[in-house]
Amino acid sequence: MAGVAGMAEATLAAHELTRRFGGLVAVDRVSLELKGAEIHALIGPNGAGKSTLINLLSGGLSPTSGSISFRGAPVPHARPEQMARLGVGRTFQQSNVFMELSAFENCRLAAQARLPRAWAVYERAIDCRASTDAAASALRSVGLDARADIPAGVLAHGERRALEIAMCLATDPGVLLLDEPLAGMGLEESQRVLELLRTLRPQHAILLVEHDMDAVFAIADVITVMADGAVLASGSPAIVRANSAVREAYLGDVV
Amino acid sequence: MDLPIFLIQVLNSVQYGLLLFLVASGLTLIFGIMGVVNLAHGSFYMLGAYTAFTLSSLTGNLFTAIALGVVLAVAFGYVLEWVFFSFLYRRDHLQQVLLTYGLILVFEEIRSLTVGDDVHGVSVPASLSASLPLGSTMSYPIYNLFISVACLVVATLLFLLLRKTRLGMMIRAGASNREMVRSLGIDIDFLFRVVFALGVALAAFAGMIAAPASSVYPGMGNQVLIICFVVVVIGGIGSVTGALVAALLIGFIDTFGKVFLPDYSGILVYLLMAVILVWRPEGLFRENAV
Amino acid sequence: MRRVLLAIALLALAILPLVAGKFYVDLFAKIMIMAVFAMSLDLLVGVTGLVSLGHAAFFGLASYMVVLAAPDKYAAVSLWTSLPIAIAASALLAFVIGALALRTRGVYFIMVTLAFSQMVYFVFHDTKIAGGSDGAYIYVKPQANVGAWSPFDLGNGTHFYYAMLALLVLTFALLRLLLASRFGHALRGIRSNEQRMRALGFNTYAYKLAAFTVAGAIAGAAGYFAAVQFGVVNPEMASWHQSANVLLMVILGGVGNLLGAVVGAFALVLAQDFFSSLTKHWLLPMGAFVIIAVMLLPGGLIGAWQALRGGRSGHG
C-alpha cells in the first residue's frame, strides 16, 4: 500500500500525457514521475494545466493520448474509483467535501472506502474501529480534532482545506496528489501542513501543486514547471531556479 | 405487405413522429434552458385539443380556431411561466416533479369542470376532407397529410428561429450554458418566458391539429407526456435535432410495431429506450447540438 | 421526547382495532401498507438521492404475483411461499431496471424510471397476462397455515391489521439497521457528493444498484399485501400515478427521514380520503394541496415540526 522508501521505480508516472478540450490543448505531452519518499512539486502560472494533470492522474479525466502507469504497470481507461483503490489519493482545489456531514464523518467515510466486507449491514458504521480510528488520527494530524463534530459546511475556509487533506490521509494512500492544499490557509496552518508533509514523505510519493514559492522551495525534492500545458523544466530546486526559461516565464524576480 | 399499405404506414409513422416532435421539442427546450422538469407538458397538448374543440364549435371554422388557439396558448404560457414556473427554478428536481404533477391534477379538473369528461370529435374542415387514392383499394385522408405538412412547416420555422435569429442564438447558448448567458447580461427572465411560451404553443398547436384525426379525450395529455420523455431521453436533453430524430424513430417503431406485434407494440418504445441506454446513456445528441 | 411520541403512536396503533370500527381498521391497515411502500422509496430518494418516478412497477409486479403464483384461480396459496416469490420477483425486476436506469443521472434518471415503469404497466394492461386492463380477482386469499396450525387469517380484518402493523415495525427496524451500517452511511455519502465518493474509491454504481434492488424488494412486500387486502389486482397498481403518489408521501413527510415517510403516508391517504368525500372533482383541491404543501413545506411535515420545536425552545 504505502510507497517504500528508496525504490527507484516510479510509483505513479505519466507518459506523454495529452488532454484536449475541443481545440484547446490543456495538457501537452507531459511526462512525469512520482517516486516514493519524494515530494514532487508542480508549479506554473494559472491555466498551465496543473489541475487537469491531477485530474488525469487520479482518473477523473481520460487522456486524449499518452498513458499512466502505476509501479510500472500501465493503467488504461482509469476511473476515479480504480485509481483510489490502487492507493492514489487526491485533494481538490475547490474544497469538495460532504457539506452536511461532520468533519469526523467525512474522514470516517474516506477511511471506510478501503475496507472490505461492505455488505456487512448488521454492523453499525460508528462501531467500525478501523474507520473511526483512522478518522480520528487523520483529523489529529491536521489539527482538526477539536472540530470533529462540526458539519463541514460550517467550517471556516482554511479548516475545510485541512479537512480535504485529512480525508485524503484517512484512505491511507501510497500516493498523494495535493492540489493547492495551502490556498486560503493562514501562516500557522500552512506551517503545520508543511510539517505534516515532511513526516509523510518517507512513506509516500507526493505531488504538490502550489503557488507559495517559499513553501515549494523549502520542501520539494523535485520541481516540475508547467506552462501552457507543457513541461517547461524539471529537476532539483537548484536546477529549476537557475533555468533561464523558467525565470523568464514564471519566476521573474521572485527568486 | 403490399405497397399501398406500406405507404400508409410510412405516412402514419411520419405523422405521429412529427406530432411527437412538436410536443417534445418544447419539453426538451424547457428542460435544456431552464432546467425544469415539467410533468404538466402533456397537459398543454390536451388543453390545445380541447381548445380546438371548443373554439371550432364556436366559430364553425377549424383554421380560425387554431389561429386563435395558438395566440391563446402563447399568452397562457407567458402568464403561467410568470405566475408559477418562475418559482420552480430554484427548487430541486424532486420538488419540480411534484409541483408540476399537482399542476396536472389542477388542469385535468379545470377541464373537467368547464368542458366535461366526454370524448369528443372535431370535424375535419371541408376543404381537407378528401382522400388521396393509393393503389386500387386504399386511400389516405388528405387531412392527415395536412397534419404532417403543417408539422414540417412549424419544424422548419423552429429550426430557422434557432439557427438564424438572435433570439435563437440566445436560446441555443442558454441550452448549453445557462450561466454564460446570464453573465453576458441578457435578460434571462424574458428569455425564459419566451422559451416557455414557445414550448406551450408548440404542444398546444400539436394538440389542435391532431384533434380532428385522433379524437379529444381526457387521458391524451398523460399518454403523450411519457412518450415525450422517452423522446427526450433518446434524443438528448436540450437537443432539438435529437428530439426530431428520436421522435421519427419512435413514430416508425410504434406504427410498424402495431402492425407486426399488436400485443407488444406498447412496450417496443421502451425497449428501444433500454437499448439506447446501454449504448449511449446521455442520448443520441448531447446538449450542445441544438 | 421523540421516543415518548413514538411510543404513544405505536400504542395508539396497537389498540385501534379494539376501539374503532371496520372502516378505520381497514383504512389504517391500508395506510400502513403505503407507509412501508413510502419508506422503501425514501431509501432511494432521501438517503441515496435517487429520485425515482417508477417505483410503482415493483409494487405492481408483486401484487400481480399473488395471482400469478397460484396454480389456478381457486387454489389457496401459502403466504410463506408466495410472499418470498413476490418479493424475489420485484427484487429481480428492480435489479434489471436499476442496472439500466442507473447509467443515467439527474433528470434523465427520473424520466427513465418513469418510462420503465410504464413498460411494466403496458405489459399488464395490453397483454393477456392476468386479465389485461380489467385486472383479476383474488378469489382465495393466501393462507398463513404452517402444517395444521393456523396462526392468523389474512381474510380477517383485525388479523390483517396486526399483520400489517408487524410488517411496518419490522420494515422500520430493518431499514434503521441498514441506515446505521457502513452501507447506509455510504448511501448518504453518495447523496451528499457522489463525485467525492468515487474519488475516495467507492464503486457508487454498485451501491446505488444495491439500494435500488432493496427498495424494489420492500416495495414488493407492500404490493403483495395491498393486493391481498384489495382482493383485486389491476394495472393501475403499477401506474405512474401510483409512483407519483408514493413520491408525494415521501416529500410530504420529510425527505431522508424514515419516520417522515410513515407520517407522509398517513397524511396523504387521510387527505385523499377527506377531499374525495367532499366532491367528485376532488383532484382539484388535491392538486392545489400538493402544490401548496410542496411550496410551503420544503422539509415536509417532519421538517416543519422540527422547525417549530427548535424555534420555541430557542435552540438552533
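Order of writing sets the chain letters: A, B and C. Residues in each chain are counted from 1.
Please note the rule applied: contacts are C-beta pairs under 8 Å (C-beta built on N, C-alpha and C of every residue); 3 or more make two chains touch, one makes a residue touch a chain.
Nothing here was measured: the structure is a model prediction, and the numbers come from that model.
Of all chains present, the one whose mean CA position sits nearest the global mean of protein CA atoms is C.
Centroid analysis (C-alpha atoms only) places A farthest from chain B.
Computed from the mean C-alpha positions, the centre of chain A lies at a distance of 44 Å from the centre of chain C. Between chain B and chain C the centroid-to-centroid distance comes to 33 Å (mean Cα coordinates, whole Å). Mean C-alpha positions place chain A and chain B at a centre distance of 49 Å.
Of all residues in chain B, none touches two or more other chains. Only residues 31, 37, 39, 87, 91, 93-95, 97-99, 101-106, 108-110, 112-113, 222, 226, 229-230, 232-233, 237, 263-267, 270-271, 273-274, 277-278, 281-283 of chain B touch chain C when the two sit together in their complex. Across the complex, chain A meets chain C through its residues 58, 60, 79-81, 84-85, 90, 92, 96-101, 105, 108-110, 112-115, 118-126, 128, 131, 167, 171. Only residues 45, 51, 53, 100-101, 103-104, 106-108, 110-112, 114-116, 118-119, 122-123, 125-128, 240, 244, 247-248, 251, 255, 281, 283-284, 286-291, 294-295, 298 of chain C touch chain B when the two sit together in their complex.
Partner chain A is touched in their complex by these residues of chain C: 177-178, 180-186, 188-189, 192-193, 195-204, 207.
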